[in-house]
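What follows is a pair of complexes built around subunit A, which joins subunit B in one and subunit C in the other.
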Partner chain A sequence: MKGINEKDIYTFVDAVSAFFFQVTEEKVEIKTAYLLEGDVPSATFDLTSYITLSGDFSGRIYFSAPRSMLTHLLLLMGEQIRDNDRLLDTAGEIANTISGNARRHFGETMEISVPTTQATDPDWLKTVVSPQSYVILVKWKQYRASVVVDIQRTA
Partner chain B sequence: MDSNRSVFSKYRKIIFAVILFMVADAIVIGINFYNTFKADESAVSINLSGRQRMMSQRMTKALLTLGVSMEAGDEDGIKTSLKELTLAVRRFDRTLMGFRDGAMVTGGDDNPVYLTQVGTEKSRQFVAETYVIWKPYMEHLKPLLNSDRDSFSDNYLNATKLEDPARLEDAKKRFQAEENFTDEEFRRKLEYIASNPEQFKEELRAAVAFALEKNPTHSEPQNNRAVLKLMNALTTDLEQVASHRAAILRIVLVVGIVFALINFGYTVIISIRDLMAGDRKLSEARQETIEILATVREGLFLLDKNKKIGTQFSESLPDILRREIVPDSDFLPHLEAIAPRNIYEAAVDYIDLLLGDRVKEALVVSLNPLINVPILVTDPRANTQTRYLSFFFNRVLSDDQQISHLLVTVQDVTDKVVLTQQIEQAKNLAKIEVETLLRLASSDFEALQRFIDNVGKSLAQINEKMSAAHDEARDRLHTLNYIMRIMHGIKGEAAVLGIEALESYAHSCEEELVSMREDEQSLSGDQMLRVAVLLEGFYQRHSSLAQIVARLGNALGKTQPSGGMPDGMTAQKHPFADHIAALAQRIAADHGKQVEVSCQFEKFFSLPKATTKELQDISIQLVRNAMTHGIEMPDERTQHNKPSIGALSLWCEYLGHGQYTFTVRDDGCGIVPDRLRKHFVKKNILTAAEADALSDQEIANRIFQPGVSTVEVADQDSGHGIGLDAVLEKVRGMGGYMLVKSRPNQFTEFNIQFSTVL
Partner chain C sequence: MKLLIVDDSALIRSRVARILSDPRLNNIQLLGMARNGKEALMLCMQHMPELVTMDITMPEMDGIECTEKMIEIFPDCNILVISALSDKATALKALKKGARGFLYKPFSDEDLIAAFLELISS
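Presenting the complex of A and B:
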């Protein structure tokens, strides 16, 4: 993870926290952080959204959450439709918030793709991220979700 | 001096106008004063000149009434007339002398007054003409007066004005004596009249005749009228002089007032123009200041002697400090809220030093404790993060070179500090490569390879521990303690192998973890992210080291280690003996101590690899403890009648039936319960009552608890309270137990009993 520091990582977690705070006035709490390396939980939940970075950076930022958490969120948002597509859209909106924060923090030299969302198997992240990517396990209400930072500065 | 010049230059025109006004004013006042003084003199002259007219007539009248009284034989009338005549003659005579030469005379109020000499040619001529008549007139009058003497003409009366009241009174008496008959004089005069009536009458007739006869030098038919006319003319002339002076005075006053008005108008115009120009400049300067303060990225403000923030500060200041800043508020509470306690206290001293005038600013710049100060800030969403601020202080001097304020510049140097840390990390990685090369060159490849494997496993253990979600601060504390023990082990191994870059990184991680542990209640998930960042740094270093070892090992034809000596193989010396001795000597050198190390590790060859690894870790920690806590400084050892060089022994023995014993012994100061009690109380680990209530054994057992250290200042080798609890855990992990023996000032011995048979 070259050229990325603690402050940079906070930027992504802050974005998630900001999203939840704005919608529910309840902030997300970091439970722990570790590296996706060896025999550790993959931190992959039911639905995962991610953005891909290029320009002076390369890699991806992932947000993975259980369906129940996103459903609860939609409920609080007053959404009537809470089907799979809507849940994926919500995960995508969170990834979009991460994207906005990242652009503000890193500047225009960071190029960011539109969010991609998908349903994910429990070990999916382990199969797609680089070794020693950061996993930040967060908690909102009784739910757990993860922000996985797999980026490096290339310039 | 420069500032005085600048003030003069700035207000030059106004100062010039004021000086001109004052000079003109002084001239007008001077002229007025002179004229007023002259007016006083003129008033006296006019008054006395008028009196001269009256006196000339009174003396004529007295002559005539004296004649009538003589004819009638009226003694009272004679007396009255003589008195009147003498008064009139003497006053007329002296006043005339005053007009001619200037002299003290009897004034209108019968008090002495100085009469100045007449000033105009005309007046002098009138006086001179009067004298021509008066001199013979006086000669005729003299026999009729109280004595034959002339008027007093001594210098005492003529020369000066009499400002001394005593002399003035004296003069008054003299004038009274001159102008009046004494009883004795009367008596003699009446005797003279009685005895020489015809002669006296003749003298009287002669005087009257002279008064009434025509003087050839004058057009008037009588001397008496001539004198009256001359005195009249004198009075008129004196009045004209006075009138002329009054006219001059009026002109001077008018000119003075006109000039003063012009000057005032000029001053007002200049002042208003300068004030408007000053206001314009001030407004421009204020606007510039506002723009600077609104634009500058640094936090800028002035700190006064009461340590209050000035009324103006840069707009970025509240953002940088992450606090609301009120103008004219105290600075220290802000600093206290964001800076660590020790830095805050040092900063207060430093600010006091700068506000005082005892030391030069340049000499104390290096003492500034507020450089790269880590502060915990909370964002609007209540997330905390560490930022680094630097405060720079510059003295602001007043015109008289006194310290009036401190200019404080605050910079958010987080990016710089982080970059520096990253550069430092990069340097450390480079250092690892160099150290690895050196290690390979010394053919210690196998030990290095084992170290790499061990570190990899340790990091994985840490990561696994961290991956468990932590709901409570207590869980996080437990994890931190676990991580610290492993880090400590890595640090020890790195120290033994001489890989300083990894040792120092492990040490810096250890320090951060200790700092987090200090406030157990506030341990948050955010801090776990910091731990993850530290862990990633460790992975990077480990990865670099592993790659270099593999690459260079291949190049040098080294192979992967087989995992130690084959079972049953014997050797005179286990390589770890040299490593542990080197570690002991390095710590001794760092602490100014001396030590001789003896090791017997031959039995290590017959132990399982995992057990050997654990014993090596235990050895490292116990050697660190022995060198920092046990072995004394050479002087102290000498005082206790011990050799200045300490002795440290480590040996492993086989007791049979799979039973082993491993011992680490030093001949240092031993474990002294009372010393421990005092230390625990001083460090607030125990209260005095708690410490006293515990037995010596219970006190000694405390050294095995996490977070307990007995050194005053932590360094790379000790002080974080991580060591002995890790040793104890390892011994328990081996299924063994540990005995501790010690005597004050003699020795400490850690004896570990374990079995390789399940």
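Presenting the complex of A and C:
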């Protein structure tokens, strides 16, 4: 990833940790970020949301999670509606929050889109991201989710 | 005070609406909800809210542009921006356009209640 270093990646780790702590009041376990290339565990779960970058950056930031985890998060938030649309919306909001929070580190020249969210097959991410993408695996209770950072500086 | 909630996320709209049931906010009545800046301006023209929670990253019209247009029409409208965009420049831009407060996502219920109370008292 052109112009992106380890410190940049840890910005996303911090953003993911902060989001889960705010919602669950529990610390999540973050597996060390690793490059997607090679023989790695699948990073794609039931629903995946991504934010597209523009400005001085290009690429996407993905958040992928199982329905069961998102349903549990909604329960904790006191949400009465936990249907498919709300689960998609929640995945999108998490991707948006993680990406938006990263602007504290990258600055306003990292412009972010509204989230796009979809149901995904287990290997979907591997087919759409570059091999140099970073994967951040998140473990909360019995659930696993991922944040995949596939971005470049263009300026 | 009449409140309009503006956010493209149904989750956030629902959450803000639910927090209004806190007794400390019993002088705030929910007027309506909008999914983007365009919808918000239409509702604003019809109902003239006194209080607005405004997301920034939205389709159709973003929250910065919507804030600017809303303040042009209703200069006394109290706009609280609620956004994940946590860089200082974005917050300053929103405040410059006329927003009266800025709350970063993710936020707790208490964070939002405190932001509402501060806005009302000022």
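Convention: the second predicted complex is superposed on the first by the 151 of 155 C-alpha atoms of A that agree within 3 Å, B and C clash if a C-alpha of one lies under 4 Å from a C-alpha of the other, contacts with A are read in each partner's own complex, and residues count from 1 in each chain.
By our rule, a contact is a pair of C-beta atoms (placed from the backbone, for glycine too) under 8 Å apart; a residue touches a chain by one contact, two chains touch by 3 or more.
What you see is a predicted model, and the numbers here were worked out from it, not measured in a lab.
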Room on subunit A for both subunit B and subunit C (clash or fit): fit
Touched partner set for A:108, first subunit B, second subunit C, both or neither: second
Touched partner set for A:18, first subunit B, second subunit C, both or neither: both
Contacts of A:124 with subunit B and subunit C, given as first, second, both or neither: neither
Touching partner for A:97 - first (subunit B), second (subunit C), both, neither: second
Touching partner for A:9 - first (subunit B), second (subunit C), both, neither: first
Touching partner for A:79 - first (subunit B), second (subunit C), both, neither: second
Touched partner set for A:89, first subunit B, second subunit C, both or neither: second
Minimum C-alpha separation between subunit B and subunit C after superposing on chain A, in Å: 13
Doubly contacted residues of subunit A, that is, touched by subunit B and again by subunit C: 18
Subunit C - residues contacting subunit A, complex: 8-12, 14-15, 18, 57-59, 83-87, 89-90, 104-108
Subunit C contact footprint on subunit A (complex, rising order): 18-19, 22-23, 74, 77-79, 81, 85-86, 89-90, 92-93, 96-101, 103-104, 106-108, 112-114
For the subunit B and subunit A complex, residues of the former touching the latter: 379, 381-383, 385-386, 414, 418, 421-422, 460, 463-464, 466-471, 476, 524-526, 528-533, 535-536, 539
Of all residues in subunit A, those that touch subunit B in their complex: 1, 3, 5-7, 9-10, 13-14, 17-18, 21, 27, 29-35, 37-41, 132, 134-139, 144
